[in-house]
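Next come two complexes built around chain A: one with chain B, the other with chain C.
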Partner chain A sequence: MMMWQIIKNEWHFLARNRVLLGISFGFVGILFLTVYLGNLQTQEQAQRYQTAQTHLRQQWENIEEMNPHSAAHYGTYVFKPTCLLSGLDEGVNSITGNVLRVEGHVQNEIVHSEASQMQAISKFGKLKSALLLQYIIPLLLIFLAFQSIYGEKQGGRLKLLLLQGTHLTQILVAKTLSVCLYGIGLLGLTISVYVLLNLNSINTDILGRTALLFLSYSFYYFILSGLTVFFSARWENTNLALTSMLGIWIVWTIFLPNVLMSSVERWHPLPSREAFKTAMKEDRSKGLDGHNPADKRSKALEEKVLKEYGADSLAQLPINFDGIVMQEDEEYGNKVWDEHFGNLRKALAEQKQTYQLGGLINPFISLQNTSMGFAGNDNLHHQEFLVQVENYRRVFIKTLNDKHAYGGSRTGDWSWKAGNDFFRSVADFEYSPPVLSSVFSHYVFDIILLLFWGLLTAILLIFGTKKMSIL
Partner chain B sequence: MKNVTLFLYEWKHFIRNPFKVMAILLFIMASVYGLHNGADLYHEQKAEVKKIEQRIKGDRQKIIKEHYQKGNLVPENRPWIDYSTPFWALWYASVYHFKNPSPAMVYSIGQAEQYGFYKRITFRASPYDADLAQEIANPERLQTGTLDFSFTLLFLAPLVLLVLLYNLKSAEIEQGFMPLIEVQNPSKITWLLSRMGFYAVLLFLVIAGLLFYGAMLTRILAGTGNAFRDMLLYSFIYLVFWSVLFFFILLKGKSILGNTLQMTGIYLLFTFIIPATVHQLLSIRQPANLMTDLIDVRDQQEELYSQPDSVFQAQLNELFPAIVSSPVYKDSSKRKLAMNRSASALINELKKASIQPIEKDKQVKNAFVRGTFWFNPISFFQNRFNAIAHTHYDDYQSYRDEIQALVDSQVRKMVLDTWHDVKVDQEKFSKYQKMSVE
Partner chain C sequence: MIDIQGASKSFKGTKAIQNLTLQVTEGEILGLLGANGAGKSTTINMLLGFLAPDSGKVQINQMDCSTKAKEVRNFVGYIPENVNLYPYLSGTENLDYFCKLAGLNYPKTELQSFLSTCGLQTEAHHRKVSGYSKGMRQKVGIAIAYAKKAKVYLLDEPASGLDPLASNELSAMLKKLASEGATILMASHDIFRVREVCHRIGILKKGALVKELQSKEVSARELETLYLDFMKN
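Here is the complex of A and B:
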């Protein structure tokens, strides 16, 4: 009850402070603008994506007639769609490519990132809500909290409160909560506006993600507010409390994420593109060559198929052996891609796990991970998109190869063409963003670390201020 | 004389404040780490270029040995290949074009990690091919950004300056010494300037020392040393920019808290808010290009192949008038094959035409960014540092232009030699490699 009274008093004090009120209104305005702009940009990008995707599908459906294998080379393109929560936290989206070619014989990489289309602008990304919520609001909370206990000490109110029977811990926790709630209020407003703007597209998954995003930021705001209140209580000098927290802010948000991420890539190195490609090419060359009938492995397959159909020569086969060779070539290639791209994904996962450990010394890292993760825009979601495209590619190429083999043509007849109906029947790529329940486990450690830091802050507030001077 | 004394006396203030000393030490550590990151990337890229050059050399020697020296110009297992034809000889010439890293990369990694730096040149290539993709990297690391020297200079140096200056004058006001100081120093501005000057000079000397250390890592001074000079100059201007801003805050400010708030606010405004707003507005105005113009070449190519031979030939003749007087043009038995092989030339033209709107889109974006430099100084300095380190967008655009010029040159060579029925031998094969690389 007393704690609630202190919180209420703090809020009354904050509401009476015109400067703070002005700053708060300004902040709310900027946050609304950020949400609006973020949303607008996501819509613009989604519109462009839709136009491009429709254009490409039309091109595919307009194929009058074509040899299925020529169609596999003609291929199609997949564009990376924007996620609804991109407006809040864009994550890695501007860095990763946007266009992925889907064709026979090869698993391509996604190219043409937004960042590569212009000169450098902002090292910390676009003006998304995440930028304000991760960098600016924490600073505001520090400025609000650094004088909270010292100011009470200076004015003699702390002594008065203690004489009235309030426990010191209650005062510290109440001060922390009052500042933290200010941040949570701004966060809540941001998310509410975002939800309102996108009411038609909200589903339970998005709501769940938004709720977890909200929780992660709330924990972080509690940690920062609590630490600042702790320093305000411990240090004999208010400037020291402020400069200590500013130092922590600099190290946590600007210095450590960069250093740790660069170090992590050294500890779990990725292959160079040249080494990666050369190794795949070498492994690929060990399989059969779909375009070379004289290849030894093609000959072995030929014998097997002839035996299967009880034929003496390819000409006697009721099917087109070329299509079978092409698919066999694909199957072998798929094994090679799985191994090499699998190793790459493994190395990236190891990097991520090691980086997550950084949350032990820096809760900002855990916040960043959960923020872009729950927004569906971290590397994990990006890799999931790539895997889905590759799975689609395999089905897409197999459909074409099967048509080539069993569609009515005979071996060696490269002039045979499938009709428009067939090409229309080939399904287009549809991305299913991973549901929260399937990826949640990847962020449990980050949440535990945020909880750990929250607990540590509470312990500091309760036990670390026992010997503080109250005069 | 009094000002010099004030300037020198500030040293004592500085060393007695562990927080300020720590800030400088942390800055030095971060900068050294950043310089090593830049130097490592420079050495890695150099090593990669060397490795590829060696592989190419091996590939070429293998072809010379197995095909040209043995006279095995049409391999048994791949009968469609004929190394004596310009088409196949150029295809297997393994010509690469590199963007050799500049030693100045030690100062700014810039956009080096967003682009590829080696590209195989063939008559079918384009500067937008997938093999010109960036090196494999963790996207989250790229998003966080590598801690290079330009990062410490752009984002940490102003914070260090803030830490060094935040209590100047305001501490004296809060402690009540100001009237005494005013008696001793007739000009408050000169007094503040002298004290601020000490920290600005100290930070500049630290930066200069770090620049020199960086220069030793990649032997910048062994060359012209222009990068070192330019970095020194722009670092100085950048430091002056922040010093002037902070000076006015300190001059008007009356409390440590007020000064810290204002200095932090200005810092956030210039380093976070303005660049991020510009970036956001640009993304709304010009969303990421999905390269559909380039993709459309696929259909245009199909249309090209479906044209009557006469139209196809007329287009080729227009592009290469010398074809009309060539021996193959007069030999109807060889003309069809030459025409098919020359299709790459027409496709190259289609690609070039489709690249134009993409490049225009990029130019608009870059013009927009440049137009904001007058109120967006951090992006200006960031791009200046990138330009000095040859890791700027424009450097990679020039590289793409060079690639296109080399593709054009190879297309021309392939078409004209095909129509002139040139037989490729070992000497000619070697010339093809040199012709394209030069």
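Here is the complex of A and C:
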């Protein structure tokens, strides 16, 4: 009850201070505009992808006649559906892109020029909701809280409050909550507007993600508000409290994520694009680890197929051996890719785990992880997309190679063409984004760290101010 | 009601209070005179439970002020030199807020009645405190203690910076409170005001009570001479 009175009084201050009120309204306006534009961009992107996907499918289905192998090189493109929450946090999408080419022999790479920084993405330079939620609102909270206790102490008002029977801890916690609630209010407004704009597309998965996103930000706002109130109580002047918190903000949001990401890359390095391609090419021609080179594999396959069909030469085969060779080569290429991609995934997983540990010294890292993760736009979700595209590519190419091999042509006949019915029968790519229940476990550690920081803040507020001077 | 026995307090080796002994009974006003740094505020802060004495005992209503601070504060009102209220709230809202913190939920009419009793003009009740004079803020400060039904009032330089009219009003209010049974300790260096308001006067010098006398025993002029003598020696 007492705490509620203090919170109410703090909100009175906010409501009756014209400057703060003006800043708040201005900020809410910017926030709404950002949410609206972010949502518009997300919807337009989804629409563009849908149009392009439909167009590409139409092109594919309109192929009258074509050699299946030519069709494999003709290929197609697939688009990663935009997650509904992209408008709130677009995560790694800005650097990984959402379009992949599906073609015979050619797998999509994961090592992009910038994608090696997929754990930590700076939001600066783009007016997105995540920029406001992760960087600007925390700054507002710091500015609101840095004078909260010192201001009371300076005028002797803290004595009056304590004389009314209020406990110092109640004052500190109430001040923290009042500031934190301001941030949560802005967050709530942002999410509410976003939900209202997308009311028809909301499902339980999105609701769950939104709720967890909301919780993560709320924890972070509590941590920042609590620490600022703590410094306001402990330091003997407001400048020191403000400087301390601005320092923490800079270290947490700008300095540490970059330093940590550079260190993580050094500890768990990813191969360069060139090295990755060269190793793939080498393993494909010389065989994995130097065993079973391409020419030996080819000879063994020829003997096996001839034996299977009881033929003496390729010309006697009732099928097109070229299709079998291409599929065999494709499957060997897949093996090579699995090996190399597996190594990459392992390195990326190690990078992610080590980076997550950074949350021990910097809760902002945990917030960024959960924000991108629950928005469905982090490294994990992108890798899932890559895997699904690769799986589709394999089925797609196998269908074309099988048609080439068993569709009625003979070995060496590259002019043979499959008809339109066949091309229509080839299934289109359908992406199933990971559901929250399947990815939640990857973010539990981040949530635990945010809780740990919240607890640490509460301990500091309660026990770290015991010796605080009231006078 | 107020009982200080042989209390001493030092800050980093500097003695702020030395073997201080004094009592203030119900309905009595004791004025503590002393220069800056004489130990007046330290005495009040010990009574409020914000400072614990190094030795001796400091009690209000037979309760130790440092170990039973929360209980003691229930019936103590404190009026500092500058009553720092919330400038964005009106006098009534400030009083309401402080009362609610103390668990007291008064109707608006009663809050206004407290303010009027403490001398705040009716037309000022709903004005924002940011426009109040120092005297008006002090009246709200007294109203906060009054609404709490404080039995002990501790005032730290209450008349400092007040205009003569406001100062007179404050004196009248304190006398009224004492006549209703309140125990009042007022720290000040305003010799004339202390003599006029208080029943007894104590002179503090370097943390020690060097003289205690009844107000009616001395004229203002005599008190001034006495006080200055103590300050010089």
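In the analysis below, the second predicted complex is superposed on the first by the 429 of 471 C-alpha atoms of A that agree within 3 Å, B and C clash if a C-alpha of one lies under 4 Å from a C-alpha of the other, contacts with A are read in each partner's own complex, and residues count from 1 in each chain.
The criterion applied here is as follows: contacts are C-beta pairs under 8 Å (C-beta built on N, C-alpha and C of every residue); 3 or more make two chains touch, one makes a residue touch a chain.
Because the structure is predicted, anything quoted here is derived from the model rather than measured.
Engineer: Output check: A:Ser415 vs chain B and chain C. Expected answer is one of first, second, both, neither. What do you get?
Structural biologist: neither
Engineer: Touch check for A:Val264: first (chain B), second (chain C), both, or neither?
Structural biologist: The answer is first: A:Val264 touches chain B but not chain C.
Engineer: Scan A:Phe13 for contacts with chain B and chain C and give back first, second, both or neither.
Structural biologist: Only chain C; A:Phe13 stays clear of chain B.
Engineer: Per the contact definition in the header, classify A:Gln5: touching chain B only (first), chain C only (second), both, or neither.
Structural biologist: In the superposition, A:Gln5 touches chain C alone.
Engineer: Which partner does A:Gln58 reach: the first (chain B), the second (chain C), both, or neither?
Structural biologist: neither
Engineer: Please determine whether it is chain B or chain C that touches the greater number of chain A residues.
Structural biologist: So, of the two partners, B touches more residues of chain A.
Engineer: Which of the two partners, first being chain B and second being chain C, lies in contact with A:Gln164: first, second, both, or neither?
Structural biologist: It touches chain C, and chain B stays clear.
Engineer: Show me the residue ranges of chain A that touch chain C in the complex, using the header's touch definition.
Structural biologist: Residue positions touching the partner: 1-2, 5-6, 9, 12-13, 16-17, 155-157, 159-167, 470-471.
Engineer: Quick one: which bits of chain A touch chain B in the complex? Just the residue numbers, please.
Structural biologist: It is residues 37-38, 40-41, 44-45, 47-49, 52, 55-56, 59, 74, 77, 79, 91-92, 94-99, 101, 108-109, 111-128, 131, 135-136, 139, 143, 147, 238-240, 242-243, 246-247, 250-251, 254-255, 257-259, 261-262, 264-265, 270-274, 276, 278, 292, 294-295, 344, 348, 351-352, 355, 368, 372, 378-379, 382 of chain A that touch chain B.
Engineer: Which residues of chain C touch chain A in their complex?
Structural biologist: 45, 48, 50-51, 70, 73-74, 76-78, 80, 82-86, 88-89, 93, 97-103, 141, 144, 148
Engineer: Help me check something: in the complex, which residues belonging to chain B touch chain A?
Structural biologist: Residue positions touching the partner: 19, 22-23, 26, 30, 33, 37, 44, 48, 51-52, 55, 77-78, 110-111, 114-116, 118, 128, 130, 133-147, 151, 154-156, 159, 163, 166-167, 256-257, 260-261, 264, 268, 271-273, 275-284, 287-292, 295, 298-299, 302, 361-362, 365-366, 369-370, 379, 382-383, 386, 392-394.
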